[in-house]
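Next come the structures, one after another.
The following pair of complexes shares a single chain, chain A, combined with chain B in the former and chain C in the latter.
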Partner chain A sequence: MRRSLTPLVVTLAVLAFFYLPVAVLVGNSFNASRFGGEWSGFTLNWYRRLLAAPEIWHALGNTLAIALVATAGSTVLGTTAAFALDRYRSRLQDAHYLLVYAPLVIPEILLGISLLLFFVALRVQLGYPTIVVAHVTFCVSYVAMVVLGRLQDFDWALVEAAQDLGADAWTAGRRVVLPLLAPGIAAGALLAFTLSVDDFVITFFVAGPGTTTLPLRIYSMIKHGSPPLINALSTLLLTLTTTAVWLSQRLLKEAR
Partner chain B sequence: MAEARGLLEPRHEPWITLPSFVWLIVLFTVPAAIVFAIAFKPSDPYGGIGAGWTLQTLRSLGDPNYPAILWRTIWLSVATTALCLVLATPTAYFMARTPERWRHLLLLAIIVPFWTSFLVRIFAWKVVLHPEGLLKRALVALHVVPPEASLLYNAGAVLLVLVYTELPFAILPIYAAAEKFDFKLLEAARDLGAGPLRTFWTVFLPGIRRGLLTATLVTLIPALGSYVVPDLVGGPTSEMLGNKIAQRTFSDRNLPHASALSALLALAVLVPSAAAIALERGRRARQRAEAA
Partner chain C sequence: MTFLAPKDGLSIACDNFVILEDSKPAALTHEFIRFRHGPAVAAEDAKHTKIRDRSRLRLLVPRPYGHYIGQSHSVRRLRRRPRAPHAVSDFIQFEDVSRHYGSVRAVDKVSLGIGKGEFFSLLGPSGCGKTTLLRMLAGFERPDTGRVLLDGQDITDLPPERRKVNTIFQNYALFPHLSVRQNIAFGPTVARRPRREVDDEVEKMLALIQMRDHAEKRIDQISGGQKQRVAIARALINKPAVLLLDEPLAALDLKLRQRMLIELDMVHDQVGITFIFVTHDQGEAMSLADRVAVMNEGRIEQLGRPVEIYEAPQTSFVSAFIGDSNFFEGVVAEVVDAEHVRLSIDSFQDLYAFNDKGLHQGERVYLSVRPEKIRISRDRPLEGRDHNTTRAVVDDVIYLGTHTRFWLRAGEYRLAVEQQHNRFVLDDLPIRWQDEVWLQWHVDDGYMLERYAERDEALMSFPPQRVGEGDAPAESPADGRG
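Up next is the complex of A and B:
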């Protein structure tokens, strides 16, 4: 059967579409021209200016601190949720599933405004704590879904075997269940971490005056700031994430 | 299910369920209810929420501005979804038919650009579409657009960037469905005399319909709620519901008004979701009836 060339052509076009803006961005980060319309020579100037911009590094520190706390909280809540959803069949779990699932299919802006109104109604001062609470809330569902996926392949007979060999419930949980599920829980935690680090919309709604995170900083730089600095910052971030993902893939392969 | 004694027994159910259950009731359900409630409240001049109840806020949605914005939100989202499906289906088809070791690489190539921050991806388009930017110069040189035309701050730019941000989320579910599709069926249809287009429409598309349905929902829903894309690359003539919600919240500080708009957006999201669920149920019922 002769195959049509259309799928190949569309795929190549889609890849070009995906990489064009990224390539322009990386190229411009080394471009001496401020607006990047034309090439006016190679420079590392923007990177130097970036290193000398303390407010960006301060925002990055805040973002990482928020992400760490939010990841810890949502991993605990998401993992217990996944266990409950996997182990029990009841009316309570039907409602529980709906609760865990709904935040995944609601536009971010609705989560953002509803949390803002909630905090306003309770007269809670907006700031870093409200950002952390909001991040935990939207990350729980993602962690729960990832862990639930792994639990569906989990063989509870292994726990029974451990208990037949004399392990008590606590030991079986700690020495059998947790190690076997650790990769799933880690994957969920990693997802929560990246979602928290990258979140702009929800953070924007629940951040107080003077609170800053990296996405909030980047947003105000896009609105009023210096384009070349964002180019340099994005290139650095892209290099970092690519290296991190590449490394974790290598490690996973070696582990196998 | 195997018996794991003393571990997650029925009597443990409340203890393991309650943490996430209570957290989500308090921080998801209650806030959602508050949005609907505040839509019936008056605003006070200090940017807070007034006392008593009123229908005034809801009535103000009849303002002639809003139907236009709602309509634009819907057509931009539907167009985004349609374009994503048109681009994602051939791509997913190609990926699923690629030999295994290339397939993994191709999948990675689709995902890598999306490891950059969401804001940065939108910003990159702002640079590409900039009046002094590469694309504008090329298009003017080729006489495709007049020199005074703007590629930014219009509905076209919003649509382009929405497709850019949503496309991978359309490709992934369609690819997952296409990967499980039995491509021998296409050959069988061709052997029985069907042309390539007919084979594609009557064999391949129905075969991956679950993937298409998921792709439609995961692109349509975020597009309906989009705020950052029209905010950064759109202009006053390409505002969407999300922009108005943010404006009412931050610029005018009229929270009841923002709530009423959010309730409207929630309805706009619920309609296609409910339709998709009904479609899936109806289909299953029909299949069962046919099997019986």
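Up next is the complex of A and C:
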């Protein structure tokens, strides 16, 4: 029997639609032409110039530092939220779930504006701390959802088994719950890290004057026009986030 | 120790003797053969038969038939035994324990004593409270009222990790992130026992469960039967005083279940500690347990040896839940002599029953007769005072391999009868649908229930027919006798 080619063609077309722009960007980062219209030879020149641009490294440093702190905070909060959502039965639980889930569906720009208004109302100086707080607020939801997914598969009889075998609550948590949930928690943390690293919209609102992160930096570079450098930077960023997401997926899969 | 497991469960030949046990010894020391099914075979095969009763050697019976052998099948003797509490059942004590979930009474004022070394089974449908009772002993549930004692010590408020009790969980709850070896070592490791000591113990356990070659495997790499063995080893390495088994065979398929039953029995013989086995499967409970507590709606309906539970059910629930039964409702028409009553039951002429309850004329009774106790035949059987004989019409015939089940109609009643297959039956002209047949059962095989509850009729194949069905019943059928 002849199989139809249509599914294959459609699949390839969709993939091309998604990834062709990214591929062009990656390709252009090695293109000697300044405007990327035509291929005028392979070069690592843009990367070299990128290395020599201190303001970019400064921005990258800021971004990573913010991401690390925000990841740590949101991992702890998100994991505890997931436990609370999974373990306790209460009439308020639906509302709790909605509150944790909401940042995933609220438009980022809304979140950014409301956070900005909130900080202004509190007369908090905008700067790195406000960025971290803002990142934690939306990363918590992602961590909570990932960990909650793992918790729903978790067999609580294992904790009873541990207690039955002489472990107190603390030991059971350390020897049974934590090792089994670690992949889920790590996956949530990596996801939070990725989101924090490439967040632009919210950061844009809550960043103070003079504070900059990599996405903000890229935005201003586009405005002031140095496309080849952005291509190179974007390619590096892409590599970083893809690796993180790939790692988190692998961890989740391994845990299954 | 030599242990000869019967290949087919029936014939064991042996040079010396066969031991019949009423209850098992604390530890097996000598060479002998255990024998549980069919004393008659023991009498045929063995030169001598020793009778063991509650760990003490009572009788040495030269072959062939001993006094005990004749007795064990006598339903009458069984029923006349006083139902006194077990002599040594104070190792574990539930004192008037209750547990409520909202308005649901999971466990309702249960008092129960279990002996040291006993293989005890809690049997009942789901939601009857058996698991809650078990979890109270393990420490996962606290009773609302009452006390739980272990070896004289009140453990009601002791957390699970401080009880000398270990559990085999329903799906074993083995730790998936640890190897077989690490799973077994969990208890002693948590107890901070010296490393070398732990390693030695684990090695011994691995040998015991024959899993040395699989010690480093992960839990998802071993089979269901192996998982159960690991769960047993993981529990026993802590040297508990009591092992709790929460439906441990439910996850296994039929053949494996039968094999694991035998393994559990062997383990119990080897370690000699108290086993408490929770199950909804009557076969499992009957085949393993020294005593069974049948539970329903948070209460113990009946407590006794498996043979007592089956042959002499006290309530309609026990009779309907364990195996199957035919139920008749009637009144005592006449007290014939010291042992027999004549019953008046609609649709039947005269039915006699063994009067072990001292009933008087006019009292309402519920009679239970097991399907396999009734003989079915085309030809009119010899009638005698010992037998009830009646006619019936075949409604349906169901061939089930080991036996055939007949659904019959006798007047207003529908009855179930089971017939084993053997040469005689096969050579006979088979009984078919719509045939008119004779039914006969021994007077002693009809058993009068002490309590009857209408709600148990949901469990019955055929509930007894009521006079004027649909009219208001003249009197409450529940609690036929107080």
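One rule holds in what follows: the second predicted complex is superposed on the first by the 231 of 256 C-alpha atoms of A that agree within 3 Å, B and C clash if a C-alpha of one lies under 4 Å from a C-alpha of the other, contacts with A are read in each partner's own complex, and residues count from 1 in each chain.
The rule is simple: a contact is a pair of C-beta atoms (placed from the backbone, for glycine too) under 8 Å apart; a residue touches a chain by one contact, two chains touch by 3 or more.
Since this is a predicted model, take the numbers as computed values, not measurements.
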Combined model on chain A: chain C and chain B, fit or clash: fit
Touched partner set for A:Asp168, first chain B, second chain C, both or neither: both
Partner chain in contact with A:Ala81 - chain B first, chain C second, else both or neither: first
Which of chain B and chain C A:Ala16 touches, first, second, both or neither: neither
Touching partner for A:Glu160 - first (chain B), second (chain C), both, neither: both
A:Leu180 touches, of chain B and chain C: first, second, both or neither? second
Contacts of A:Thr242 with chain B and chain C, given as first, second, both or neither: first
First, second, both or neither for A:Leu44, with chain B first and chain C second: neither
More chain A residues in contact - chain B or chain C: B
For chain A as apex, the angle formed with chain B and chain C - C-alpha centres, to the nearest 10 degrees: 90
Minimum C-alpha separation between chain B and chain C after superposing on chain A, in Å: 5
Chain B/chain C common contact set on chain A: 155, 157, 160, 163, 168
Interfacial residue positions of chain B with respect to chain A in the complex: 1-8, 10, 13-14, 16-17, 19-21, 23-25, 27-32, 34-35, 38, 48-49, 87, 90-91, 93-95, 97, 106, 109-110, 112-113, 115-128, 130, 132-134, 137, 164, 167-168, 171, 186-187, 190, 196, 217, 221-222, 224-228, 232, 242, 245-246, 249, 255, 258-259, 262, 265-266, 269, 273
Chain A - residues contacting chain B, complex: 1, 3-4, 6-8, 10-11, 13-15, 17-22, 24-25, 28, 35-37, 76-78, 80-81, 83-84, 87-88, 90, 92-93, 95-96, 99-100, 102-103, 105-111, 113-118, 120-121, 133-134, 136-137, 140, 144, 155-157, 159-160, 163, 168-169, 172-173, 177, 198, 200-201, 204-205, 214-215, 218-219, 222-223, 227, 230-231, 233-234, 237-238, 241-242, 245
Chain A contact footprint on chain C (complex, rising order): 138-140, 159-162, 165-167, 169-171, 173-177, 186-187, 190-191, 234-235, 238
Chain C contact footprint on chain A (complex, rising order): 155, 157-158, 160-168, 171, 175-176, 179-180
